[in-house]
Amino acid sequence: MKFGILVNEGPFQHQASDSAYLFTKAALEKGHEIYRVFFYYDGVNNANKLSEPQADDRDLVKLWSALAEEHKVDLVVCVAAALRRGIKDDILAPGFRISGLGQLIESGIVADRQITFGD
Amino acid sequence: MEEEWDEDGPEVVKRFMYVNRKAPYGTVYALEMLEKVLIAAAFEQDVHVVFMDDGVYQLKKEQETKGINMKNFSPTFRALEGYDVEKLYVEKESLEARGLTVDDLVVPVEVLSSQDLKALMDKQEVILTA
Amino acid sequence: MLLHTVNKSPFERNTLESCLRVCEDGAGILLIEDGVYGALDNTVVADLIKKRMGNIKFYVLGPDVDARGLGNQTMIDGIETVDFGGFVDLVEKHSATQSWL
Amino acid sequence: MLLHTVNKSPFERNTLESCLRVCEDGAGILLIEDGVYGALDNTVVADLIKKRMGNIKFYVLGPDVDARGLGNQTMIDGIETVDFGGFVDLVEKHSATQSWL
Amino acid sequence: MEEEWDEDGPEVVKRFMYVNRKAPYGTVYALEMLEKVLIAAAFEQDVHVVFMDDGVYQLKKEQETKGINMKNFSPTFRALEGYDVEKLYVEKESLEARGLTVDDLVVPVEVLSSQDLKALMDKQEVILTA
Amino acid sequence: MKFGILVNEGPFQHQASDSAYLFTKAALEKGHEIYRVFFYYDGVNNANKLSEPQADDRDLVKLWSALAEEHKVDLVVCVAAALRRGIKDDILAPGFRISGLGQLIESGIVADRQITFGD
């Protein structure tokens, strides 16, 4: 089955990105396809490559990037939400791309199931 | 309207529901949700917008935001009709708990009881919340 | 005495209730941001404040009231409206401020 | 039928209550993140779920339960614990998912 | 302890109170609040840490966070004593509403009724919340 | 009187930074001194100079920077919270400086009143 994922919050402040990541990983392990992970609202902060968590803490930016590399997951950051919050190509982590909100709606249309993680 | 989509729309038309439960200005969810609704309309999907809990306050008339230095986005709700977003629903119980009536709101809406809202939600194919 | 600020809607959260539970008589409570909905009369949560009116001094931040389109709504009797300057004065005249988030 | 997810503590927010108000009989509700506190028995909010048990199928995300130190607490009778794989299965078998935030 | 501060501490010792009302892990507030408490202790201030509402869950024993890929920070509460942070308070009403007792908590705390907590809060000079 | 301000949230997602800014401005207008504005948690995102709001929206990063310039307000971003969230010197807006959490405690000690804006 094709899943579409929406992430509304950045890393650390809320658990949303953690839950979304673990759900995405579990879906891939079960052989499902992740059509797209769309980052909206403060969710765009998941794509900030300057993020440097403590050594014994999880590193969500790197975890998402690794998922994109290993499983060709499409990680899309909303351009409007990102501009406001200062997430631009200069600091965009590998595997993420910046695009329009239409990519979220398209995900809702194409995916068999669309699910939101937020606060 | 449904016929029009069958003729001119994309191949797939899904029932999208946007559930607004947050008050305006205290958080950005209301504003950026509205941007999502407008985009969905451009994709000619079957858009349903629900206001319940504090989300009903998004539609309150007479918002004057100058004093908090933020943009008053409530007029945008009146523009939704121009984008063929006409299915706006407000939960009756949420409105009543706040002592509000439809006369307090910036746009015409259909008032649904929780019971009727249940049935409408259950038919949706994509539900976006914030 | 303390000044308490409450920025959450009492319809959505327990914040105002918790504040009232540990708020001394004589203290001040200022409703800001989404907290201003608590100042409205004729709602299912209006009694939270009405029950303590007289023991606690209640204030509401006018710019937040106006932004939310509540300027002409009936407020609970006895709540005083202040602007940001009044907010500063309240912080100054109370011994310390506790922000309920 | 829909799958509803609830990620807020019912002690702090009205999220679970709102979800239950518009949740059809036969639907599923999965408690995740801080929503898992709603699954505990012997609390002042346990009745919220007990009243609908039998009409709605309730699930709770095990990893979130364990993280919060609730692994050995008494859960409301009839709630099923799932892991992230089970979460994926629930999303698959319901027609759509509504995330209550 | 107060005498010790008079002898060795900085010139100003203020009564600082940290009010924890949020559950752990769902949001970061609990963890980063703890970091603030540790710093205040290093400045040899008169630190009071209160747990009320869902904040009492921060102290729940047996937290096992491997399954959500996050760091279990609850052992840090046991380290507070080593930093001379010994004034930990839990609101009785919050504990009871959740069916918990002090035996469920990772550290010894003083249980205060809302009434007693009122009086303690009113004496504080700096109150930090999250 | 000397005020210390703590901001716990970034711009946009919550009103906290807006309220803190308007409070700070009002205090200055009344002739008070702002000892320090400390940015903690997601509040560190207020210092991201790449932030580019829409033309008709307020620009909190610029507003804070202007306040620092005009009134010599000390804007301090917590180093630990900022590292995690990828706010580093490369993208730090003018008028902000990165320092330790001790600066918050010192603010609480020195200021006559310490007040928190958050979610």
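For reference, chains read A, B, C, D, E and F in written order, and residue numbers begin at 1 within each chain.
The rule is simple: a residue touches a chain if its C-beta (ideal position, glycine included) is under 8 Å from a C-beta of that chain, and two chains touch if they have at least 3 such contacts.
Please read these numbers as outputs of a predicted model, since none were measured by experiment.
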Fill in the blank from the handout: In the contact graph of chains, the distance from chain B to chain C in steps is 1
Exercise for the section: Could you compare the number of C-beta pairs in contact for E-F with that for A-E and name the larger? Expected result: E-F
Problem - Centroid comparison with chain A (C-alpha atoms), farthest chain - result: C
Problem - Chain copies touching (chain A, chain F) - same or different residues, decided at half shared - result: same
Fill in the blank from the handout: Taking each chain's centre as the mean of its CA atoms, chain C sits from chain E at a distance in Å of 26
Handout entry: Centroid distance [mean C-alpha coordinates] between chain B and chain A, Å
Key = 25
Completion exercise
Residues of chain F that touch at least two other chains are 8, 12-13, 15, 19, 22, 41, 57, 114, 116, 118-119
Fill in the blank from the handout: For chain B, residue numbers touching 2 or more other chains are 25-28, 53, 68, 70, 126-127, 129-130
Practice task
Note the residues in chain C that touch 2 or more other chains, in rising order.
Solution key: 7, 11-12, 14, 33-34, 63, 83, 96-97, 99, 101
Fill in the blank from the handout: Per the touch criterion, the pairs are A-B, A-D, A-E, A-F, B-C, B-D, B-F, C-D, C-E, C-F, D-E, E-F
Problem - Of chain B, residues touching chain D in the complex - result: 19, 21, 52-53, 91, 93, 114, 117-119, 121-122, 124-127, 129-130
Handout entry: Partner chain B, residues of chain C touching it in the complex
Key = 7-9, 11-12, 33-34, 37, 40-44, 62-64, 66-72, 83
Exercise for the section: In the complex, go through chain D and note every residue touching chain C. Expected result: 11-14
Handout entry: Residues of chain C defined as touching chain F within the complex
Key = 5, 7, 32-34, 63, 83-85, 87-89, 91-92, 96-97, 99, 101
Problem - chain E residues within the chain F interface of the complex - result: 10, 12, 14, 16, 28-29, 32, 35-36, 39-40, 42-43, 45, 126-130
